[in-house]
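One chain, chain A, appears in both complexes that follow, with chain B as partner in the first and chain C in the second.
And then the complex of A and B:
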């Protein structure tokens, strides 16, 4: 099937198998390997991307469903060469990552969350993060990173 | 250290953060590939079966299949394993677990590779299985290996045990069970293999022991190791789970048959869980004796570790557990009998803590009960029995290096979680909930132990403009050692951290510094870098230049080597513990934790509200990194104590995916307050020791102690799920596993274990375990 999708501001038209997952489309068709697959079941959240601004698990989404949609991956979050998005910068400052494999999913979950909740409490942040799994950090510094980003203007 | 340091001890931001945050393809499984093909592994259908026939004809004929390989295609040794190579690369006579590999396929697409797996015909003759570690010891049990089910027996006896128990005022005797915890690193095992135009085999695979991996791959190929290059850093999480070969052997074999094309394997989550290693489940029967004044008199334990179908690091895991059977306390008398046994329950191996959490929960829980029975404060009773520097440890090791137990206990005592426990417990809001506070102390042997070659090495290369490249084989698995290494180098060379590029895990560039295991990476890498940096400083002096930038120009002009190497051997104990391979360790890290929990008496659910985590790091190289490791260790400890178990019934995995193997989320993990204490280790780099494993160890006993404090029931089996806690609170007979029947089986197991004639274990450096006859002599 033919699918036309804007990914990180670039239009791509591809002929794909109907069963091709969005995660595989991004990683293998487009070479955007910043989106990781951790569980393949929609549990860990590592594969989260934005579809028309909403956080979506790309491992539970078919590529063909994206026809006409705008997808943003972690590669699209980074503004320019050498710079970091404010949320990325907050993760760096707060030591909000260790192995880093889950990080893209956290970032992409948090971008729309912080847009809607510019001043979340710690409990609200933990609730917002509880659909993403990190095996390294114990989450505390991720929570701190979110608080830091929120304090600096919602991470937008 | 009194001299001012610029980089050591500073919370430098992770040097790898920007690339990881931007989603750059830093991981091996993200590598962009030119004209790749895709590999898959055929796994067993049975946990134990004889292989009658493997027919690959139909699979080979499928269009798009490039090659199908079986045991006949293994040119060298068809076996691997860190200590003994008892695991077939590709099975030939029988399968011993569900994750066993029978064949490999490379194909044009992952879909074709999967279809080809279905076309491989295997005839099996199912065999009786052994899925219970205690049963595996008994005579007549089905044999996983012809040499017998006991992989390792370790017996240590010290002092007058019988007399001590006879004279004790209090004897506590319980049986504890710990689960088959899965590592669940987010990046499953995977990578790429490619035969290069120059005839070298290159493997890109996240790993923990690049040079040892290369040796194992060379051995199975029958190649010179120098023809193989492994790139193995960074890893998307490892925790010990990538210490053994994961897919390197499969990549190597396939790459010989793909005409120079890169072949990629990336395991699914389910395959990772079924085939990958796990934390050894332990059964620990522990009997602890104390005098009326609280002095610990004797410790007796019967320890059975389930290593599954193959040894991997099962022997060392058992022995490290035994080394720590007395924790941070003095025990003048000891009698411990330990067994690492084969079963058909998958495979166990290295996992953060390496056997110590499994025995420490028994010890610390027993101590809590002694305190209750003597009417003593649990912290005070522990303080009374702490090992002092110069004492012998429970296994008889003279503690001659920095002993941090006193310091961590004092820091714990001053932590708000402990100090304000009365108020915190009273702050419970719902009348059906109860709060409690528990504590745990631990030590953790660092490095590989007595008699096992343990060394560090590094290369430092001077680059144009006075910048440096540091090469070390120890990988960045998330712990932050890349940043610590940059700090060590910058400090020793007098440059900025930003001027140091750290190359890890590349056998073609990095010096062999061994593994990223055993909480050895800061000590090993730090020391190696400091020693190597001295040579770089000497190079600078020899050029007469005032700066490294100028020195580079001079060196080039004179044709001087700009790459220097240094190495050192780890300090080790003077005397080995007889009959216990690899024991003792020489340097230990220390930790202590207090946990505040809230138990819902209607459901049995336990919520951990806060944990005070004290870590003795020696000199703390990067405090922010230490805090991160502490918080992550506690999170894994919470999972171990309350949630996690890979359930294997009759050799088959029941929860191999993250949808049913539940690990803690941000909602389950408590607030962790980390307290760093620095008990200077004079043998360490800048006084540092290491701490990565320490924080997972005290969490489980602290939580169990807190559950008792809250609702008055001791948990004996982890994880303490709501069902188990509820049944224990109800006094339901199903909650009591320590029955006369179990005690009879334990007695039988002890007899059978001591009577068993053990085969000499083939392999590198495994001493024949001491038999009972030797003990009597």
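And then the complex of A and C:
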């Protein structure tokens, strides 16, 4: 099937199998390997991307469903080479990542969340993160990173 | 966080303090920009245009005889390139040798690439399918027809050693792989004088490390040989083994552990079947082949840990002195024993903890069962030893009417008693002899953190809430040898290359090793470029496990950087016409004649410090390196360039220690336990980067709390694993883990130049014991006994019905 999708502002038209997952499409068809696949059953959140601004699990989404949609991956967060999104900067500042495998999923979950909740409490942040699994950090420094980003203007 | 540097035996910290101004600081990580922007390179990110994709056909039975395998339907599927069974591999199929043999491992059994005749656990590899894409490979894997004759399975530790148990391996009587007996002092003699004898049975069940990245192997035929990308914790050791296995010159097999998405132990394991199958297929087909484990596979194809059952007895004096302890335990090895009896040896040798235990009797049997193979998982046997000892400390306290902390204080090894020899041999075949520590100071710090907590708990209880407090202490053997090495080289650009053979899985080596080297060479941190886990960059090494990278690689980096600095001073002295001792390395330059402590130049290319005398002269470090590697003439300074490779090989392990406490609340209606507060006091000797150490502790505690309250691999009586998704096997979420409150003391290790003891596993080790004690306290009106871990809400609720 033919699918036309805007990914990080660039239009791509590809002929794909109906069963091709969005995660595999992004990673293997488009070479955008910043989106990672942790469980392929929708629990861990590592594969989260934005579809028309909403956080979506790309491992539970077929590429063909994306026809006409705008997808943003972690590669699309960075304004230019060498620069970091404020949320990425906060993750670095707070040591909010160790191995870095789950990180893209956390970032893509948090970008729309912080846009809607510019001043979340710690409990609200933890609730917002509870659909993403990190096995390295114990979440503490991720929470700190979100607080830092929020303090600096909602991570936008 | 506060850091209290108190030196017990302390030449180590002196080196750390006087030399590397960067050691002990917490700069932001050098690896983060890459990882945060999606520019990391994990195994599944490796792409090649003509790459083939593999899927593994796995056993659906825990124990069965293979009657036949029909691959014809799979082979006929368009896109399928090959299907391999054990027969195709011939002698390359194995069985592989037992990685760590031991005299007390009487019946070691290694894995094979693909099952021959029998399968011994659900998920055992039976065939490999290679196809043009992953989807087709998985379709074809389902079409491989394997005829099985199911056999009764040995499942559960006690059942597997019962007289009528099915045998996992022919020729291994009673399924006992190994039997180990050790005695320190005379337990039976001290038992006869006992004031008090307490007995209990403790059980720890199975868990899975569950790194967010599953395993993966890519093999690419290139030039005369093969380049492999593997999500392994031991790249150099794996290359050496694979090159020998395939009879390749090591130079023709380059193995890279790229960014690895968490390890936690299971990715050390050698050799996983896929590590042989994928290069085999790539060489056979002369095309790149990729295999990426899916999460469901991961639950049955990657190693597990933690199942042990202990029968314990302690002998106690009237004042609460621990006079002796005896344990007899069973350890579940799963279907094979690639790690031999390392894990139960670690349990046996961790059990004495921070206490003066002079009469200790320990016996275990390592048992085969028809379940996935067991190997190390963060902590690797240590949590079991701590669980047993700390639970018994609580029992002694209760029996004698003493406070839990008071019993522990009465039994602590004192600060002037180091080195303390436990009388045992540790897993590294060296004495289990504690290098340094200050356990009363840990207790003091923990008590200070707990000020006010008793009142909080009392108020909560007065309001009818089920809240309790528990604590636990531990000493862990860490940083075992035999060695690691580091090569440091100054490039003509002034950039410094640091190469180590260990892989990295999030431990921040790109930053911490750079800190060690930058301090010695006087260069900016971001001028230091660390290469890990690439056999082409460093061909010697063991791996990242057992909290050993900072201890071994950190010290090797320190020694190599010192050697390079010395040579830089020698070369610079000749060029600047002074003596080497007059040369100072700072700001990326070699200086002579500067006033001591003069201001730093603006940058690597900066001019002389402001206000310096005319005699001040300097050269960029890169220029010094270039002059040591001339294009004409002769080498005036020994070997070319500014480069040194140094190895660090410790005589024995280090012994970090710590004390944890938790406040836990149980929901009266559901039995759900929530950790409200968690406290850690930690001593890992010198910290290269406290921020990184804290991060390691946070992550370790989260895994420990998951392992105590949520994570349990459940098998049915036929050996089927029932928990094969993250919806069944529950990992802790941000809502499950409280903010962890930490404090540190520092007793440096006398065993290495920097005084480091290692920190990777610390967080996880006492969690079982701490949570059990807190739950008992919270549920005191039921007088429950928590002697099993993990313990989920259903089980807690059951205990509350009595």
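Everything that follows uses one rule, which is that the second predicted complex is superposed on the first by the 156 of 156 C-alpha atoms of A that agree within 3 Å, B and C clash if a C-alpha of one lies under 4 Å from a C-alpha of the other, contacts with A are read in each partner's own complex, and residues count from 1 in each chain.
We adopt the following convention: a contact is a pair of C-beta atoms (placed from the backbone, for glycine too) under 8 Å apart; a residue touches a chain by one contact, two chains touch by 3 or more.
For clarity, every value in this text was computed on a predicted model and none was experimentally measured.
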{"item": "Partner chain(s) touched by A:16 [first = chain B, second = chain C, both, neither]", "value": "neither"}
{"item": "First (chain B), second (chain C), both or neither touched by A:63", "value": "neither"}
{"item": "First, second, both or neither for A:141, with chain B first and chain C second", "value": "both"}
{"item": "Touching partner for A:101 - first (chain B), second (chain C), both, neither", "value": "both"}
{"item": "First (chain B), second (chain C), both or neither touched by A:41", "value": "both"}
{"item": "Touching partner for A:3 - first (chain B), second (chain C), both, neither", "value": "neither"}
{"item": "Partner chain in contact with A:111 - chain B first, chain C second, else both or neither", "value": "neither"}
{"item": "Residues on chain A lying within both footprints (that of chain B and that of chain C)", "value": "27, 31-36, 38-41, 43-44, 46, 73-75, 77-78, 84, 88, 91-93, 95, 97-104, 107, 125-127, 129-143"}
{"item": "Interface residues, chain A side, partner chain B - complex", "value": "27, 31-36, 38-41, 43-44, 46, 73-75, 77-78, 84, 88, 91-93, 95, 97-104, 107, 125-127, 129-143"}
{"item": "Chain B - residues contacting chain A, complex", "value": "11, 13-14, 16-18, 20-27, 30, 32, 183-188, 234-239, 268-269, 477-480, 624-625, 627-636, 657-659, 663, 665-667, 669, 671-672"}
{"item": "Chain A-facing residues of chain C, complex", "value": "28-29, 31-42, 44-45, 47, 134-135, 210-214, 259-262, 264, 294-296, 505-508, 691-692, 694-695, 698-703, 725-727, 731, 733-735, 737, 739-740, 763"}
{"item": "Of chain A, residues touching chain C in the complex", "value": "17, 19-20, 24, 27-28, 31-41, 43-44, 46, 73-75, 77-78, 82, 84, 88, 91-93, 95, 97-104, 107, 122, 125-127, 129-143"}
